[in-house]
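Right, I'll just put the structure down here and ask away after.
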Amino acid sequence: MKVLRLPKERLDLFASVLQQFGEVHAPVEQNGKYAFRALSRWSDARLDYPRTILPPKKYFVPPKDTLFQYKEGLGYVPADLAADRRIILFGLHSCDIYGLNILDQVFSGKYDDPYYQARRKNVAIIGVDCIPDEHCFCHSMRADFVDKGFDLFFQDLGDRYLVMVGTALGDDMVLATGSLFEPVTPEDLAEYKQRSSAKRKAFKLHVEIRDLPEIFELEYDSSLWKQVGDRCLSCGACSMVCPTCYCFDVADDVDLGARSGSRSRTWDSCLFSTHAMVAGGENFREGRASRVKFRYYHKQRGFVAEYGRPSCVGCGRCISACPVNIDISQVISQLRGIENATA
Amino acid sequence: MAKPTLGVFGLTGCAGDQLVILNCEDELLELTELVDIKDFLMASSGNDTSCQLDVALVDGAVLSQRDEDMLKRIRERSRLLVALGTCAVWGGVASLDRNQDRTRLLEDVYGEMGKKYDSLPARALHEVVNVDLSITGCPIEKDQLISAVASLLQGDPPLYPKYPVCTECRMREYNCLLIERGEICCGPLTVAGCQARCPGLNVPCVGCRGPADDANVESAMNMFGEKGIPREEIAAKLRTFAPAWGVNV
Amino acid sequence: MLQLSETQAAPVFMTANPYQPHMARIVRIYRMVEDNYVFTLRFLDDQLASAFSYRPGQFMMLSVPGAGEAPISISSSPSRPGILELCVRRVGRVTNALYRLPNNSVVGLRGPYGNGFPVETMTGNDLLIVAGGLGMAPLRSLMWYALDNRDDFRNVTLMYGVKSPAQMLFREELASLVGRDDMQCLLTVDSDPTGTWKHHIALLPKLFDYATITPATTYAAVCGPPVVYKFVLQRLLELGFSKDRILMSLERRMKCGVGKCNHCSVGYKLTCLHGPIFTYWDAINLPEMI
């Protein structure tokens, strides 16, 4: 991989060059929290943010996504994605890049999802490194470092960045700046190693995922699920903010007069009472406990069977977004029977 | 084919939901082309007050014998009866005092005269007649009204979200007033459809749309309790719009 | 061990957009049983209509514009191409809307989805089809496939039970199979208020008394309500069936049909991709399956 260095005072210049590649989006502050937004000026970008409210999945699977327009006689006409604007998404943490890599697997396979794929081609990804806070456990989920899924990745080395070039597009961005980027020095590499080892030690939250699928199988009937289910508000917040929750509902909207309309998909959650309901009303997960269990089971057990790893990336959003403090790390500890854990 | 006939009626309430219909300025012309509005006192002085209706939209709660008679008459004339707004769907603000002694309340407010008034404890429409469709909200959402008309014209009930306001609030990436500011936000319990309008304006949800499909009231009460908010205060807040939350204090 | 999941690549006639419904015409509505009509459909595009093929046990996503989309199992057999027969129970928004449509109306169809029955693996074996109630809808496809490719299978047995004669799907058609010498067709009703029923009057598992089954060389295909699974599976195990030789067709609410939306998940399998045909071994290893 091509690795370069960029003195920090040149970042503004780089950002201004970036605009020729697309509309630049980055985390901006919003009443003490952060959200990815289109920048009106580069100085609004906050690259030292803890986490955004919504993960970057919103760029690829928007909360409401129109799939087709239908008209009598014309049938279903797919929404035109070719005209979508090009976006440079600046400032993704490795957990979020990892989340996108996981969504890539879901939205490809036997059936490629053309809506997701088209947007993925239209959005460039520039990662930045981060310092874990009290909700982060990405190292436990092996998502604290990524080796793919970005065009460029910026590692903070104090007064400069170490920049990894992940794609040809990333390389074009570097080259477009002329000589802004410099070759790395041995000191840069030493500093990088020192910082990444310090980052590893900075995590306060730890989740052991080895043999977790087996634990889930063994504890399928655990009374813990009822305890968590009794607490859960089924408010859907954890699913909305999860970088790898991708459940969606599909429905037709009718225009007045009913000769035309649209079909769209909307974010959904397996915690909703309607999620496993079939036509006619039978519900395969009627109780809240069974729904809570399903959500954990799918992420930590089912995904391993299907894709070889859990779909959780340890970003901590579900912990910080739960009104009743349901904490995945504590649920897993309790499931493992580790003392002093309170969910 | 003859256009479907429609009536719009108001029982006791602020008539705000009827006003939402009149505020559908962009769609009103098309609406009148698609349906034959026969009886709509707020909008017209020339009404056919006895014809059969395909759809009746009824706003307000039942608070008097007069309301009850009127509602039963509407039910008889209409193929479909739609409850319009939180008062019609849940009982609304007027149902706050419905467990109190009505005679005493009337005396307290009106003195001796109170005895003569035709006044009953507030009831939602479904507590009096059979209701085919409920469009909740205080007031109702314009897009939910239009989607109801569009779907009903086709023969289907409209599809409304059953999940809570939190889901829409998160979809729109608003700040969480409950977690970040510790406010009494009823978002986790209240049915969505408003696109989390209030939290989006930094105002906590007051639950004006009534309970979500699967509201976990008990857990929410405990959550507020842990924040030091007395159960009575939460219960009173929830009861403001709907007696049906099932709150145990 | 028998592997059922994703036994085939996506068919060649599928467009790049897997959500794209193709328009199809309702060419016949057979009002078979109250709230269970058979809709015969043909793609408007002649090329698609003739190229379209599928496996018994697969399902389609049916669109009624404005009402939405719903998964419907295919009741016709791929051995009779050109048209598709969908036995549709009127039970929800989409199917209600479908029932309102007159003959000749145009609806949307995409598919086929799901694994379908592993007919290649089943070839050369006996075939036992056990259906209860509406479970005949997906199994009819397999039955006609076997009868139309009769040399591929050894003994073919159908056991089908419903509560009363009026509820039997494809009643006339199935009655005409009774007495055929290339298969054994056993039909039963729990009770016969009409007094005109000419076949068995007994609970479905009782039909096992009338058939000679060799479990070691038989594949059993089962579909029906939970009570059917409960008693039929028990009977099959008593007979000595291997759990891999018992195939079940499951119903879930697919919203996408292509393994993305996650609505049809059972445990960690997706009914639309890994099913809807599962072995009994799958079923006991996946929580919440039946």
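By letter and in written order, the chains are A, B and C; residue numbering begins at 1 in each of them.
Here is the rule we go by: a residue touches a chain if its C-beta (ideal position, glycine included) is under 8 Å from a C-beta of that chain, and two chains touch if they have at least 3 such contacts.
Note that the structure is a prediction, hence the values are computed from the model and not measured.
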Discussion item. Farthest chain from chain C, going by mean C-alpha coordinates, please.
Written reply: B
Item to complete: Name whichever of A-B and B-C has more C-beta pairs touching across its two chains.
Response: A-B
Response to the item:
chain A and chain C have mean C-alpha positions lying a whole-number Å distance apart equal to 39
Discussion item. Distance between chain B and chain C based on Cα centroids, please, to the nearest Å.
Written reply: 44
Worksheet entry | Computed distance of Cα centres, chain B from chain A, in Å | 37
Worksheet entry | Multi-chain contact residues (two or more partners), chain C | 66-67, 93
Worksheet item: Which positions in chain B touch two or more other chains at once?
Response: 151, 154, 156, 159
Worksheet entry | Multi-partner residues of chain A (each touching 2 or more other chains) | 251, 254, 258, 261
Fill in: chain A-touching residues of chain B, taken from the complex the two chains share
27, 30-31, 34, 146-147, 149-151, 153-154, 156, 159, 162-164, 166-167, 170-176, 178-180, 187-189, 202, 212-216, 218-220, 222-223
Worksheet, complete the sentence: In the complex, chain C touches chain B at residues 66-67, 93, 96-97, 100
Worksheet entry | Touch list for chain B against partner chain C, complex | 151, 154-157, 159
Discussion item. For a test of understanding, state which residues of chain A touch chain B in their complex under the given definition.
Written reply: 30-33, 35, 53-54, 58, 63-64, 230-237, 240-241, 251, 253-258, 261, 267, 269, 272-274, 288, 320-321, 323-324
Worksheet item: Can you name the residues of chain C that touch chain A in the complex?
Response: 6, 9-10, 16-23, 63, 65-70, 89, 91-95, 106, 108, 251-253, 255-256, 258-263, 265-269, 273, 287-288
